[in-house]
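Right, I'll just put the structure down here and ask away after.
By letter and in written order, the chains are A, B and C; residue numbering begins at 1 in each of them.
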Amino acid sequence: MEFPAECKYTKEHEWVRVEGDMAEIGITDYAQDSLGDIVFLELPETGTEIKREDSFGVVESVKAVSDLYAPISGTIEETNEPLADTPELINEHPYSDGWIIKIKMNNPSELDTLLDAKAYEAYIKEIA
Amino acid sequence: MRYIPGTDDDLKAMIDEAGTGSLDEILTQVPSAIRRESALDLPPALDELSLTRHMKRLSSKNAESDSTATFLGAGAYDHFIPAVVDQLILRSEFFTAYTPYQPEISQGTLQAIFEFQTYVCMLTGMDVANASMYDGASALAEAVLMARRIKRKANKIFISRAVHPEYRETVLTYTNDLDIEIVEMPYDAEGKTDIDWLKTNIDANTAAVAVQYPNFFGIIEDMDAISKITAPNETLFISATTEALALGLIRPPSEFGVDIAVSEGQSFGNPMGFGGPHLGLFATKSEHIRNMPGRLVGETTDLDGKRGYVLTLSTREQHIRREKATSNICSNQSLCALAFAIHISLLGKKGLWQMAETNLTLAEYTKKKISALEGFSIKFASATFNEFVIKTDKALKEINKKLLDSNIIGGLSLESFYPELAGCILFCVTEKTRKQDIDKLAEVLGGC
Amino acid sequence: MAADQINKILKAAEPVIFERGSQKRVGISLPDHGLENIDARAVIPEGYLRGEIKGFPELSEVDVVRHYTRLSQLNYGVDSGFYPLGSCTMKYNPKINETVARYAGFTNAHPYQPEELSQGNLELMFELQGLLAEISGLPHVTLQPAAGAHGEMTGMMMIRACHEKRGNARSKVLIPDTAHGTNPATSALCGYKVVPVKSNERGVIDPQDIERVMDEEVAAIMLTNPNTLGLFEENIIEIARIVHEKGGLIYCDGANMNALMGIAKPGKMGVDVLHLNLHKTFSTPHGGGGPGSGPVCVSAELAPYLPTPVVRKNNTTYSFDYNLPDSIGKVKGFYGNFGILVRAYAYILSMGDKGLERASRTAVIKANYIKERLKKYYDLPYDRPCMHECVLSDKTQASQGVKTLDIAKRLIDYGFHPPTIYFPLVVHGAIMIEPTETEPKRAIDEFCDAMIAIAKEAESLPDLLKEAPQNVRFRRLDEVKAAREPKLRWEK
């Protein structure tokens, strides 16, 4: 299971990758593996303001459904459109082509509350 | 007991082999304070023959439509059901199976439902249909809940007063505890939903408009006019049908931009059965699939590439989404849906048209006969299918009594549902109604 | 015809009915009504007459009979063999009930025909209300709900109405983690927030946990007894006391009533509202997923809120009573799934007290027998006496990469319908087995033998399980494809 070092993580199994004031967000390898084959995503409209820990969408496999929670606050600048037709990208490349949304952060200090790769990996070991 | 194969010896052998102790020891988990004190106060068990006699006695205390001509409709219709339907649904592979959770050994049920969904789409003209709901009334209630989900910000639902009173009551029960306001739309002098009222009252907070098509008075609603008001307002349009046979003859709801079409499906393959079990048809546009309640069957392939069917899009449902599910329903009226599909298959293109045409012909004949009688007139001057409202100033009680003396059950007196329609009777005619029954009806009414 | 030829026919794919060719056939004959057919165009307003329905079939009676007969052969029912689907009570459906339910006075009665012409049906409903009241220990009954989940909804709406009458509708419902998914969905439909309650290490609810979360905003606790682990909620009396003390009510999901008939009455346990599943406990056929029937039995305090109408007896006649000013209203059209009521009534009359008690006792013994035979081969998370069903898991087999799904599919190869799987959620990889009283010991032994053989295969030939089933016409179906590209109707 992969835990890219440049990402930050939440206990709800989202990852965040920061570039400037933009944060790219997806779900972790562990999350996609537990859900199984992803068949559908419900994504927010761009321009939506979201607060940390708000639910911003839903990801579905055949027999499971999971809310997506915002790891940080900000405005949704972009959603990953190809996921609409090929949600399996999340299973195949959870940390690259399977990204879900990009947020323009309005409070980057929230990043400090997230887990780093090591801490997240330890958390996964704990709950597995 | 003949249904319980375990003899005392079998049970003893199982208890001994299991080594868990006697049944009483197993049952110590049930606190003694609540354990059985005395036998259940039930009648002594009946053998099969005595049961048959007892049930026959009860059955014979009811009127039944094969022996007594009935002119009742209003949501339950006395249509002829070919023998094939019952013979086939009695195949025990169908009726003793449960929900097709294991598709490899449930392809019969699954394919039959897939075909049923297709039939519902064809009849209503809609894109997708589910595997059926409890009945027409609860299907309309679910449609209202669905409309409210789709239109997140609007919470008013307009329902025509010309919708079946029991359907409206069911909607009220379902929505009572939720943030939904049900507003009743009046009907006009022609028995149709009042278009002017709708035009005046519709606003941004109107999530959906629901009418019955044909409506409770048998009238073909002015769907075009309603659609022209709902569409620009981005209000959802719901149509409910009680007499599904009508959809074999009149334009399908889809052609008027209807967003959710529901119907009672009893008219095909299912007896009136004193009100149930019947089945609700539920269809909508593709874009609303994920807001749809109920079970769905979809096509796929097996490991060898063979075409087959599975339950699908289940993440909408209660066993996965729990309190966020689109409905709490966890079954469908599968066997009723099977009966529906078998009957429609027998009818086919030609039979469906024939049956609908026969209903229309006999209904028009009846209408003409009754309205020609002194003291009887047509209440609403609008086109109808196989039901219509007659107005009379004669005493209904006496009329019905006289009809019964001639072995006829008359139409439904509307006063209890519509106080403003005192003296009005809703008549229904089907292919089972004989010309001689109609002539007799007219003769008796004429003598009242 | 040679045997292999017959076999070939039986194994051939059955085309979708719309693909059977359009050949101007018709499968019905209607009576000649003796009138000239009316021209629909003269009656139906312009623009309201429909055109030809594209794709509609044209088949003869024989075509239709063959099609559905062959579809039926792709199915497995209780009459085909053992069907140990946990929490579903797949017991034998007596044939006589199908015969009597088809008597004309039941099937050909219009729901609005005058009461004096429906006395047999009203009597049947009245009597059935009484029988269910006696079995449940709760005095008032509505027969209107069409299924278990519908009964839950009706019951919870009545609970809400009762609280409203008392002055506060309250806002929350307690639901144990062993509950059916319908419980939380129903609570939401009634405008309640769900508060989950964890079961303890014995697999039941701990009164202390209830004590902790119980307050005056809790409308009710929804519990299933025995619960979905097949265990009796042994602290029920204490739980009921705690909930009642704070003004809450006890809702019991009666899906598992087959463990309790003649053994204990929910009404005696402090339950205020209970729904029954006539298609489970009372032997009416499951019909491939319905129709069922979910009557609700309630205490005297809840009676004013019953749906309309209820059936009353007045000396020697029966009538519908619509005069219930505090009623929640109607939950469906007419009076319920009457045809199912007829079957359940016939079943109870055939069984009597002794028969029903024996049914429950037998069901409990058989479940314990299976549990004990299989626990050496499969993980048994709660190793203690169970009621009418037991829950195993795939923990032992997991090391071979064999999952519950594989075990279930392999059972098909052995000729059995698999148990309920992956439920209840509190057991990872759950295998929930409910034998019911109507299964002979031989069938149960054969099933246990198959389960044991599969456990052994899981060690020696795990791939065989992952490829199962192989001995039936269809192999595993691609559910991912079905969900990603939904195809929900036939199209040319």
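Convention: a residue touches a chain if its C-beta (ideal position, glycine included) is under 8 Å from a C-beta of that chain, and two chains touch if they have at least 3 such contacts.
If you're wondering where the values come from, they're calculated on a predicted model, not measured in any experiment.
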Chain nearest the overall C-alpha centroid of the shown protein atoms = C
Busiest interface, counted in C-beta pairs = B-C
Could you please state the distance in Å, as a whole number, between where the Cα atoms of subunit A are centred and where those of subunit B are centred?
-> 44
Using mean C-alpha positions as chain centres, tell me how far subunit A is from subunit C in Å, no decimals.
-> 38
Cα centroid separation, subunit B vs subunit C, in Å, comes to 20
Multi-partner residues of subunit A (at least 2 other chains) | 40, 60, 62-63
Listed in rising order, subunit B residues that touch 2 or more other chains are 320-321
Any chance you could list the residues of subunit C touching two or more other chains?
-> 479, 483
In their shared complex, subunit A is touched by residues of subunit C numbered 422, 479-480, 483-484
Hey, which residues of subunit A end up touching subunit B in the complex?
-> 40, 42, 60-65
In the complex, subunit A residues that touch subunit C = 37, 39-40, 60, 62-63, 87-88
So in the complex, which bits of subunit B are touching subunit A?
-> 290, 314-315, 320-321
